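The structure appears right after this line, and notes come after that.
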Amino acid sequence: MTTEQIVWSIFFSPLAAFLLICFVLRPAGAHGLAGLATIVGVAGALGASVVTFLNVLAVPGHELPLADYPWLTIGDLRLHLGLAVDSLTSVMLLVVTSVSLLVQVYSLGYMAGDTGYSRYYAYMALFTTSMLGLVLADNLLQLYVFWELVGLCSYLLIGFWFHRPAAAAAAKKAFVVTRFGDLGFLLALLALASVAGTLTINELFTEHKVAALVGASFLGVTALTWVALGLFAGAAGKSAQFPLHVWLPDAMEGPTPVSALIHAATMVAAGVYLVGRMLPLFQHAPAAMAVVASTGAVTALMAATMGLVATDIKRVMAYSTVSQLGYMMLALGLGGYVAAFFHLMNHAFFKALLFLGAGSVSHTTGTFDMRYMGGLRRAMPVTFWTVLLASLSLAGIPPLSGFWSKDEILATALAASPGLFWLAMATVLLTAFYVFRMLLLTFTGEYRGGGAAEAAANGDAAQGADAHGHGGVRLHESPSVMALPLVMLAAPAVLSGLVNLPTIPALDDFLMSRTVRETLEAHHVAFNPLLAAFSTGMALLGIALAWLVYGVKALRADSLGSALGGLPYRMLYHKYGLDFLYEKVLVGSLLYTVVCGLFAALDRYVVDGLVNGAGQLTRGLGRGLRRVETGQVQAYGLAIFLGVVVITAVAIVRG
Amino acid sequence: MVNQWVATLLAGRVPDWFVALITSTLGAVGILGFVLASNVLGVWMERKVLGRFQIRYGPNRVGPVGLLQTLADAIKVLGKEAITPFGVDRWVYWLAPGVAFLPALLTFAVVPFAPGAALADLDIGLLFVSAVGALGVVPIFMAGWSSNNKYSLIGAMRSIAQTVSYEIPLVLSLVGLVLLGGSLRLSALVEYQLQHGWFLLTQPLAFLIFFIAGSAELNRTPTDIMEGESELVAGYHTEYSGFKFSLFYVAEYTHLFAAAAIITVLFLGGWGTGPVLNLAPAVVWFVAKVYLVVFVFMWVRSTLPRLRIDQLMGFCWKFLIPLALLNIFFTALWVYAALSGPVIAVLNLLLAVALVVLWTQLLAGEEAGSPVPYVARPGG
Amino acid sequence: MAEIGLNHYLTLSALVFCIGLYGVLARRNAVGILMAVEIMLNAVNIALVAMSRYVGPGGQPTGQIFAIFVITVAAAEAAVALALLIAIFRTRGTVDVEEINLLRW
Amino acid sequence: MDYGYSLSFYALAGLTVLSSLLVVSLRNIFHAALFLVLAFVGIAGIYLTLNAAFLAVVQVLIYAGAIAVLMLFAIFLTRNAMAQGNPPGRLQASALITAGLMFIALAYSFANSRWAPGPATPPDIGPELLAKELFTTFAFPFEVASVLLLVAMLGAILLARE
């Protein structure tokens, strides 16, 4: 196979699995084979990705020359279909396919016995296909198509258990909220098409295209800034950045592997990927860069604070994800291209691991509520140790992977903006605290009853057994098909930091492919041992605080919660009231009452008025004009000859 | 001849248009005289001929062999009360007889009595004759409508139907003549006959058709259904009496003589004397032929019974018109083949016999298929 | 009294045309309207023949030929119109155009 | 100046106009039809003054002899409806105005038109010339007119048949 065929096979291999499931396995009733089909498809993609990665590695400049195919020509705008593979793409491919593969394997155990087993794997295959297509796209329109497909898969998978109202609502919420961001993306695309005349990513970075974008302006702001803000809006929706982050915690209603793959490792990273991809364009719009950076920092801190009080283990993960994505955005906003993707890669691994661990835990206990867990360390050693490693990595304890990438981001922030640096540093402390709060609540102390206790607390006997039918009576380690991926993910979660050590910046060199090197200003920041020591100290401080509160219980959590009259606690617990704001104020009052009222009025009086008016005008005219139709031919003849007279008179008068 | 003499006399002394007026007036007066004289003679002749055909004497008391009988009748008619029935359309009722007389008289305007002796030898003379003949139906309408009498009205309606129908074969039959003669001018047609033989010989079928159709136009007995004493009292002139009636009478005879004159011109070589006799002047020959034709008309009248209206119409549409069209077709063939007079005569004679026989068989077969009388046909 | 020329004929034609027009528009009897239509056609023919006589190079019978065609069409028109009229009279019992107005609002 | 010519023109024009006026104004439809014949004859006379003898005769033959007779026939057939005659309709006043305006428009147009000057002496247009033109130059219109007549005849028969 040629290089190009291999690249295409990355895309087509999971697609083949999806089609196979949809059109062969499901109609044939062979639902059990769906998991195998997807795993084989994704494994094929992984293999091809590895080969592609090696190919890219071997090519100087780290870009594969690939042909593209004409698609549409609209005026001067020429659209084509094509794949682009450079170093960034190849890294993303590896991350996506490897995490995806492990999640699929894990799902074999997690989803076993679910009625929607083959449907689940069909969605997953489609998602993997779309995600790979998104990563591989060489132009923004194609990227947008897969972007939306990914969003669709997210919707379908969040609402996978659609019979649960909460899942259906969460799916709807995710879909609607990300649509807001995608509107910006679409507008940016249209602006690019009309101003720059191309949507091919690498073409957009050429000097005269940038000049054209800078030259045009709207409302006193350059088109480039608008485009950058539009793209960032899309990215913010997808990557759950403030204020569009509200959908991600709710998205945890989906199956846990879904959360691991889509809402932790890959899809939510798509926003970061988009901004990173377009960073050569963003860097010409300082205002947009500032927006990206500050949004990232604010999101990171805010999500971390909310993570402090969440009782649902997956929600803690979700806030953590939002927070870490904020880190990445912060890095990108400050020009830390490599740092962002370094962190993205590391995060994908350890966060997937955390999610899968949480899944494993809930699989055993029958609940996601940490208040009913505890003491699982002994019963689930594999889960405990892998999750511990991932947590340490997340907290940024050297020499785990999280430390290296987070430190790079912090260094970048310190160099660019002290204010944002301190926000990020505060987040480090909070991150260490909430992740160990989670760890300690789940794995230490006494077992607090699991799903049965939760049901009893809620006064609902029927919910005694969780969705998977596990009574949660006998604590046990998860089956090996679930434990194995945990172990396999633990390796990169620990080690992936090594690809970009301060002394051996291999990733750094690799990611700076030819195009990026030509178009992007280098923002390499030297390793700062002092900073590293400080941040590690902060992380350790956070861990120590968590230990004090939840480990030895030197500080009571209740008293902390009621500090300052309980106001901070309640504010955090209610997510700063954003959901209330959105649902009740924005949607309920503003949207329903004002906007919808306006549109309803518009529809009723203007649109209907036009339609009815047209009808009534016609009727009225007809009612009036039919009097002319006397049925007497002579009247018509009279009109004809009067017309002749008038025409003659006009001809005479006008000479 | 008289006109020419007058014209030379007046030439140069008065304006040209005045000369034209004088000569026209003189010609008209001459024609009027001839027509009136012929009327008087014609009425006597008809009564005498009919009488002889019916094996009786006819008029023989007034004047020698009853010659003055017409005058006596005229005096009697003029002396009668001029009745104007109640409810008539007065103006039309009064005008109709006068108008009836006019078209017949106009026909004579183009008739060449002798070489150069026509009041107006139009180059479209034949067309003029047809046009004037077509006008003849108007006074019948006037009389029939204005009389406020259903017999009159029905008579007039029959007259319209019959006249309009028979006009078609009448005109079509003349096309053959025009094809051969190459002109519409009556005198030119006469000249042609004098050179190439009478149309009676070269266009026998046309003569037959013209004679029959002309007879119908004249409302003479085999075809006088518009008067039909046995059905309609007296048709369109039921309500007329006295002088007005006599005007209709005169008009009828004028029509008769006009038709005879036209037949003479078109089929009998006009003033031509024939190959042998050249003793008398052309006018005498012409008038003699006219009276001969009139005699034939009277002969037909006394011989044949009156037809029913549906028979009459069917005869026109199914017999005369197709034959007239065929005659045109074959004549055009002869002209195209540049055949000369005698050959055409022989061919057309054979053709006429063949066609008449064939068509008669055809129509007879058709009639045999529908033995139900016309009037009894449902929905007819 | 001026020399009779083209304008005399054209004026006559216009006058007769407008008389016919009045008849078409103002009278109620369908037969009367048809007669008025014939008068209008004849007025046009007068103009055509006068043009043939007075306008353009001599010896061109085009105007007269056109008049002949007009007469032909008029004959066809009269025949069909009267047939229609009789059909209407049979079904509606009237020839008053103000009563034959089913095709109205 | 040719008084005879002028006199005949004015006489015939007067006859035509008067007859036409009576046609459109008489309430008695039968009288109107008779005046129609008179108007046709007058127009035939007008043709004669224009050296169009053939047309004059055709006029008498077709219009006076056929069309007018057809009108009379129609009057006879619909005589039940003829009792009310030919009364003026609703539109009489506006028709009068329209016709007057039309006459003004036509007369103005005629008076202000520049015609190509014609021959001083009347051209001699005999039946031969007309026939030649009709069957050569205008052969196609002639055939079309023939078809039209045929169609009209069939249509009329079909319509009038009970």
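The first chain written gets the first letter, and so on, giving A, B, C and D; residue counts start at 1 in each chain.
In the analysis below, a residue touches a chain if its C-beta (ideal position, glycine included) is under 8 Å from a C-beta of that chain, and two chains touch if they have at least 3 such contacts.
Predicted model only: the values in this text are computed from it and were never measured.
Taking the mean of all protein Cα atoms as the centre, the chain whose own Cα mean lies nearest is C. Centroids built from CA atoms put chain C at 86 Å from chain A.
Chain B has its Cα centroid 113 Å from the Cα centroid of chain A. One finds 91 Å separating the Cα centroids of chain A and chain D. Each chain gets a centre from the mean of its Cα atoms; for chain B and chain C, those two points are 32 Å apart.
Within chain D, residues 5, 54, 58, 66, 73, 89-91, 94-95, 98-99, 102, 162 each touch two or more of the remaining chains. Chain B has no residue in contact with two or more other chains.
Multi-chain contact residues of chain C (touching two or more other chains) are listed as 21, 24-26, 97-98. Remark: the chains found to touch one another pair up as A-C, A-D, B-D, C-D. The residues of chain D lying in touch with chain C in their complex are 1, 5-6, 9, 13, 16-17, 20-21, 23-25, 29, 32-33, 36, 39-40, 43, 46-47, 49-52, 54-55, 58-59, 62-63, 66-67, 70-71, 73-75, 77-78, 80-82, 84-92, 94-96, 98-100, 102-103, 106-107, 110-111, 115-119, 121-125, 129-130, 133-134, 138, 141, 145, 148-149, 151-153, 155-160, 162. Chain D makes touch with chain B in their complex at residues 2-5, 28, 30-31, 34, 37, 53-54, 57-58, 60-61, 64-66, 68-69, 72-73, 76, 79, 126-127, 162. Taken together, the chain A residues at the contact with chain D in this complex read 632, 634-635, 638, 641-642, 644-645, 648-649, 652. Residues of chain C touching chain D in their complex: 1, 3-4, 6-12, 14-29, 31-32, 34-36, 38-39, 42, 45-46, 49-62, 64-65, 67-69, 71-80, 82-87, 89-90, 93-98.
Across the complex, chain D is touched by residues 15, 17-18, 20-21, 89, 91-92, 122-124, 127-128, 130-135, 137-138, 141-142, 145-146, 153, 156-157, 160, 164, 167, 184, 379 of chain B.
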